[in-house]
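Per-chain numbering from 1; labels A, B, C and D assigned in written order.
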Amino acid sequence: MKRIGVLTSGGDAPGMNACIRAAVRTGLAGGVEVVGVRRGYAGLIEGETMPLDRTAIRNTIHLGGTILETSRSPEFQTREGRAKAAETVQQAELDGLLLIGGDGTFHGGSILAEEWGVALIGVPASIDNDVYGTDYCIGFDTAANCALNAIDRIRDTARSHDRLFFVEVMGRESGYLALESGIAGGAEELIIPEESIALAKIAARLEEGLAIGKKSAIVVVAEGDRPGRSFEIAESLREYLEFESRVVVLGHLQRGGRLRYVTACSAASSVLRPLRHSSKAGAGAWPER
Amino acid sequence: MKRIGVLTSGGDAPGMNACIRAAVRTGLAGGVEVVGVRRGYAGLIEGETMPLDRTAIRNTIHLGGTILETSRSPEFQTREGRAKAAETVQQAELDGLLLIGGDGTFHGGSILAEEWGVALIGVPASIDNDVYGTDYCIGFDTAANCALNAIDRIRDTARSHDRLFFVEVMGRESGYLALESGIAGGAEELIIPEESIALAKIAARLEEGLAIGKKSAIVVVAEGDRPGRSFEIAESLREYLEFESRVVVLGHLQRGGRLRYVTACSAASSVLRPLRHSSKAGAGAWPER
Amino acid sequence: MKRIGVLTSGGDAPGMNACIRAAVRTGLAGGVEVVGVRRGYAGLIEGETMPLDRTAIRNTIHLGGTILETSRSPEFQTREGRAKAAETVQQAELDGLLLIGGDGTFHGGSILAEEWGVALIGVPASIDNDVYGTDYCIGFDTAANCALNAIDRIRDTARSHDRLFFVEVMGRESGYLALESGIAGGAEELIIPEESIALAKIAARLEEGLAIGKKSAIVVVAEGDRPGRSFEIAESLREYLEFESRVVVLGHLQRGGRLRYVTACSAASSVLRPLRHSSKAGAGAWPER
Amino acid sequence: MKRIGVLTSGGDAPGMNACIRAAVRTGLAGGVEVVGVRRGYAGLIEGETMPLDRTAIRNTIHLGGTILETSRSPEFQTREGRAKAAETVQQAELDGLLLIGGDGTFHGGSILAEEWGVALIGVPASIDNDVYGTDYCIGFDTAANCALNAIDRIRDTARSHDRLFFVEVMGRESGYLALESGIAGGAEELIIPEESIALAKIAARLEEGLAIGKKSAIVVVAEGDRPGRSFEIAESLREYLEFESRVVVLGHLQRGGRLRYVTACSAASSVLRPLRHSSKAGAGAWPER
């Protein structure tokens, strides 16, 4: 193994750049050339590669987003699209691909591997933390701390008013981020995609809290498939509970930021260590083509 | 002048507690007793007072919100309501009131002063920064830094995608917060209550930016009278500009927080210094009843 | 099991209050009374207990430090001291103790358990993250993010000057915090208690970096047994390397703060779940006296 | 006026990049070419210039430090050095210089102007906030908020221990930063260069506080001419007051960071507006050569 490609795909997660950097440095140390593929699978299909050397990754470790950019590629979901992608792998003489992304990224990648025998390693990076078989994805810690920080700031002001606060966090199909930040922040209620919403029940529980002396409450809402839905929920809840409410929608605040999953680099290094060995010994965790 | 009341009214602003604390300490140093009035004018009408001594203000300097709580009081807008308020002033033997709040607070207070001869001093505290005759209100710096911080975080991730970002900040009738954070954060466009929205024009300018190589843009929106309106604006803009967009609504994040207008205390001290002198000399800036 | 005591001991860690709160709420839900012991083992010896109900823990989840306070107790290291502590346990009718702390806390506790048969459960909480058998202690994530944030801020300014920066983080006998924040922050060098310092070697490596174009470097230093030692190291290094240097000593910044180990509460809840069962069934993970 | 140079000099301050960006954009709008001079006066002497166009300033608004780098130049303090600097101005065909810096920068600049008739405008940028005739220098707000934030974090943990905390902030000859952050943070004591240190007196006042129930105290120390001096002060104070103490040295944390003086850009724009006019009308605030 002499040369690999690295790409970031799906929603960007803080720490992706740290992971790219770790890949390049591990490659440098192990004599493996690392090539960047721009804009995820879309760029792989179009053959958009760029060299990644020491200079390219300088001063990127703390940057949110991803220097390789990312995208969602409908074309990659077609057999034709993947054929073009495999062609890029061959023409760029890549012995394998390092995929940095979440569930969808790996799913797409595994089809590519099956159809065209492309060697792959995936590093889980997703603020949804919804990759099976890993405790923490790169980016989740930062996103959770961002959400938690917001809850804490709001708690400060909540006590000054008699009010209901909705904090909308990310999570299309996964309520993990809402769950963890909500529990850690002591939110009164959670609304997550995994459970259907029972406004009457939520209102009843909130009223109970008010009855025993609470003067304000925080509801953490996973955005689901409709960012901004908290405004509608707040409106609907008013039928059951007469209480002024306010909404915060964190959105991409959770993706940016300089804090990032603290162990992003060490995680990446561990994942990549086999690569280094395989490049010497010709064998290892990295599947041979 | 032996005894004054202090109240916080209107929207809470970070730094209000620091200001209350400064009032109490200045009072202690000058031999003036300071009494807290809870829940703004509503509490003044109901006679809800509480003693404010060294213990009451301990460890409050860094707290967001206000330990005296705040409210909006429709009753105070009636002559009857203000009569009750004046009664509280008399019964609690307050020689004057220190009002911590914004434009509306001072407007209401000035009527009370006119009608009932209540002696008043106002300390401007408003994240809208819309009090005439003062450069910076308590709380504005914190809110502006909060908004700016959000813009910076989003810029990080903006470059990873080709996207339009809307950051909705506070400001019902005033676009000051949007203006200052938008300029300081280098936002591409501003939407503020002082100007009518011309989506076609905004779209044209954004397209110009894309034409010269920008891959993403940030639009700062003052919430106006409809928090969450950015979602609608984003939707409407899609008619003019085909570009994926994302929305962040900062809401009460801007009110909470431990950072606060750095000079809150010194500001408050300066305002209150005359009080101290008047209590000694029987005269000063504080208008005598 | 009807009644337990909870105490925090050793250095405080962010998240301790969240953990106390989780203990109290789990107790309330499971019919176990929770009593607070103030000032760690010192308070246990002196019999300083306080009731912990729903009110006591309200609005504490996000506070740094510990509402129970903490201390280091030399007396507890004597047999006599521990005898007094056991007496408190008996007189306060505690069926067991929940210890929130680090290595030293558990070591001391285990002697108490052996000598006097006191039933114990320990929740690891230490920014040093040096408790054997656990991946992450409560407080470590916050401390690591604090250190990392500092490194990132300094990197910003580092590029403006040709300079060496020393960032001193906590860690008396453990370099874990320095290691994780240093790697995640891309520090050039680490100085940790587990390794002896070889200034000549460090200087040589830094010079190498300068030779290939770096204009500044960051060295993360664990404070070891002499907080402020970075100033001496910076001074000594000047013999080998002519380069202006600057020092930051984070100290207790790493302990305070509102961010905290995100999963503090869930962690605590899991630990405490057996307690709830045992209180019903009369058996479980909690060792019976 | 067709072409000007811009340089940053002295200690870097957050917001310098925002100011450079504002200068370039104002220049672009007014038909004035803006040339960057690297490394302050040192680079001016050596003739190190670089073009500053729209691309050069992209994505710099939120970066700490300065993209032009800065330095302290002993050579500029000699008549010879300044002669070389004036030569660069002439050879690069600069009609004037925009100086972004503090007191020392302007002092040096004014000699250059006198001796060689170089046209100058200075934008105050200094975290020390010690430029005469301006309320707030660029960078001061960020530095003050950084220091204040540190004080707040420490206060959190201070209450868990009986302890004295020293927070060392920047300020060689000026205690302004210590003063403002100390007052706003409610510090118990301040040690600033403008006053000689009276440890016995400080100890007496701290003891008084303890006597009335305080369990911890925060002392803000301006670093003066010996960064790290807080460790010595803490040591010396122990003779008067038996109390465990801890030290935090903020150092360059105060210079970095993304937050910055919110009005940096607007400030810069106002300063530069005359420039725009003068380029049209051939006259204005900018002194003609």
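Operating definition for what follows: a contact is a pair of C-beta atoms (placed from the backbone, for glycine too) under 8 Å apart; a residue touches a chain by one contact, two chains touch by 3 or more.
Everything quoted here is computed from the prediction, not taken from an experiment.
Participant: Based only on mean CA positions, could you tell me how far chain B sits from chain C in angstrom?
Facilitator: Centre-to-centre distance between chain B and chain C: 38 Å.
Participant: Between chain A and chain C, what is the gap in Å from one C-alpha centre to the other?
Facilitator: Spacing between the chain centres: roughly 28 Å.
Participant: Could you say which residues in chain D touch two or more other chains, in rising order?
Facilitator: 152, 155, 159, 258
Participant: Line, ring, star, complete or other: which describes how these chains touch one another?
Facilitator: ring
Participant: Mind listing each pair of touching chains for me?
Facilitator: Chain pairs that touch: A-B, A-C, B-D, C-D.
Participant: Please output the residues of chain A touching chain B within their complex, sorted ascending.
Facilitator: 8, 12, 63-66, 69-71, 150, 152-161, 165, 168, 227-228, 231, 246-253, 255-258
Participant: Can you list the chain A residues touching chain C in their complex?
Facilitator: 18, 21, 54, 59, 61-62, 141, 144-145, 148-149, 151-152, 155, 159, 180-181, 183-186, 212, 258-260, 262-266
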